[in-house]
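One chain, chain A, appears in both complexes that follow, with chain B as partner in the first and chain C in the second.
Let's turn to the complex of A and B:
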């Protein structure tokens, strides 16, 4: 066997070994650690429940709420306009299907603060930049938005606007969650269509 | 014409057996070498304790944890950790990746417990450290039921 053939056999062997090493996993963090840490500590990556209530009331199409709770909890009640991706299943499929949606802001929420923030780091680590967290989760939403009340003699314009938004968001939450699953989507579509007609737009 | 013959027909003829074998292997090696997932950790595997919820401990549970525990206070103040019997180290959240601190966290023999008065901050730092390969890291909380539904809608 001459040198050239020996070299070629060695090269093919090396190539085969490299090619057959199993891939470490489908999804992995690609962001630089320091950059990911900066994003983790950025307060702008949080939305308050009142900001989310405003998105819901205005049916803001530039925001996608992502409910990370298990499916059965999502079915019982969810914030109007949310989609359900249980946290346990976040990396089972292709997360890019949900997060690579142009300029849409993806806002995670779970019951509390843990799972939404884990999901946030995983998504940002995979370079899905348009991901955010609703601070306090659904527990805080239910405590703040659904139990909104005003007691006192005077109310400032700002307090009044906040109270109005919470009341409208709370009403929408109750209306939609009292509907059967099959009608929830139709309800939102009908509301959206009615709003467009009022604005003078067309479908 | 000469060039075409030199690099085309002659080359193909000379290496007609080798090229069909080497070319696919070369493409595979290139894919492995420059692909975005090359030698990176599997995010799902690193995040496994968070899926199983085994990474959250309450202050009461720390007494039953085996090994030399190190509590990292990610806040500037000390707060609820004042009375704890375990060793507490203050590392602000924005400094956990500084070499000297990261080395302490990574090389500590025993559980490392992250505490922050903001549960979201502790969760984010836990995930960053886990994805960097740190193991035996937990979130220390005074509200271990944070993810349970607390205000069922009427």
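Let's turn to the complex of A and C:
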């Protein structure tokens, strides 16, 4: 058997192995650029910090906040209920692991809009429709929700509701981020059970 | 990774690629034209071997976690442009006796035909850019995105690789038969 035939037989053997072993999931950007652009420009793509504050206060289980900042920054401070998937990790892992979660809305945020918009394009390009962006990122959250204050003599019902949501979300943010890491999760669990007790009724 | 390192790696790979092309005799337009006449099928054998070795290597590297295939660029598929461009490229290949890479390789060792070929390529690129507004609809028509053949066929990448290797083996066998059938002893590698 000459060398070329041996080489081809070896390649066919390797090919057969590849055909039989389960390879990790693959994802590629399939959406058309113009569709991605129109989705990126669509207002429905974005949640305002006030909408996110409402999710946090109401502990909305249909929303998953995803913090794209590095782990060290996430540990220092994060929006309550969010999980940390650093941007680089998102790029280097199987995205199906993060986004194949049914009807849950995945809302990206980073310090500004840069990484979250990139992550959004990446995820929507791979046809993960359940991905969104918190507009303005954590910087805007700190500016709007954490520094919320009321001035003036009169307040409308709408303004009052908004102010109250911001205050409660801000308080939760401060409480959770002042805890050591090990207690943060327990705090959230305690909040869940405390809310149930207050609900009362037939439960 | 800093940009200069990317460029340095690209330069080293480019030099290696050019050296390999030249050493394999691909700077001879006779060898390349032989592909179309059947007397020398080295081109298809070399390029197809490179493709399947790269395919097998990248799949195994991905399996062992050494390469993230999600980050590998997949060329976008414009159906109309691919057909028209393929015809133009094929015609240029058979008339000029080079493809772009081998043309540069031959030019770098001073082949005059390669210099003329390369000038033709540059002229084509210039005309494409200048006439783009008129051919834009054609160039961007029937966009399919960066599709992969295995995804379009609905089979696993491993199975597709295996089928492609079988197809390559069959093609190599036919190519060897063609070389015997259309042998032209008067054409040598000496230029």
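Rule of thumb we're sticking to: the second predicted complex is superposed on the first by the 170 of 203 C-alpha atoms of A that agree within 3 Å, B and C clash if a C-alpha of one lies under 4 Å from a C-alpha of the other, contacts with A are read in each partner's own complex, and residues count from 1 in each chain.
In the analysis below, a contact is a pair of C-beta atoms (placed from the backbone, for glycine too) under 8 Å apart; a residue touches a chain by one contact, two chains touch by 3 or more.
The model shown is predicted, which means the values in this text are computed figures rather than measured ones.
**Q** Mind telling me which of the two, chain B or chain C, contacts the most residues of chain A?
**A** Larger number of chain A residues touched: B.
**Q** Once the shared chain is lined up, is A:106 touching chain B (first), chain C (second), both, or neither of them?
**A** neither
**Q** Using the superposition on chain A described above, determine whether A:41 touches chain B (first), chain C (second), both, or neither.
**A** In the superposed model, A:41 contacts chain B only, not chain C.
**Q** Is A:139 touching anything from chain B or chain C once the two structures are fitted on A? First, second, both or neither.
**A** first
**Q** Tell me which partner A:8 touches in the superposition: chain B (first), chain C (second), both or neither.
**A** Touch partners of A:8: chain B and chain C.
**Q** When the two structures are overlaid on chain A, which partner does A:131 contact: first (chain B), second (chain C), both, or neither?
**A** neither
**Q** Using the superposition on chain A described above, determine whether A:114 touches chain B (first), chain C (second), both, or neither.
**A** First partner only.
**Q** In the overlay, answer first, second, both or neither for which of chain B and chain C A:77 touches.
**A** A:77 contacts chain B only, not chain C.
**Q** Have a look at where A:32 lands relative to chain B and chain C in the superposition and call it first, second, both or neither.
**A** After superposing on A, A:32 lies in contact with chain C but is clear of chain B.
**Q** Can A:64 be said to touch chain B (first), chain C (second), both, or neither?
**A** neither
**Q** Which residues of chain A are in contact with chain B in one complex and with chain C in the other?
**A** 8, 11-12, 15-16, 18-19, 21, 23-24, 26-30, 91
**Q** Okay, in this complex, where on chain B does chain A touch?
**A** Going by the criterion above, the answer is residues 18, 21-22, 25-26, 28-29, 32-33, 36-37, 39-45, 47, 50-51, 56, 93-94, 96-97, 118-121, 123-128, 131-132, 139, 143, 146-153.
**Q** Which chain A residues qualify as touching chain C in the complex?
**A** 4, 8, 11-12, 14-21, 23-24, 26-32, 91-92, 94-95
**Q** Touching chain B in the complex: which residues of chain A?
**A** Chain A residues touching chain B: 8, 11-12, 15-16, 18-19, 21, 23-30, 33-34, 36-37, 40-41, 46, 73, 76-77, 87-88, 91, 110-118, 120-122, 125-126, 133, 135, 137-139, 142-143, 146-147, 173-174, 177.
**Q** In the complex, go through chain C and note every residue touching chain A.
**A** For this pair, the touching residues of chain C are 52-53, 56, 59-60, 62-63, 68-71, 74, 143, 145-148, 151, 156-159, 161-162, 164-166, 168-169, 172.
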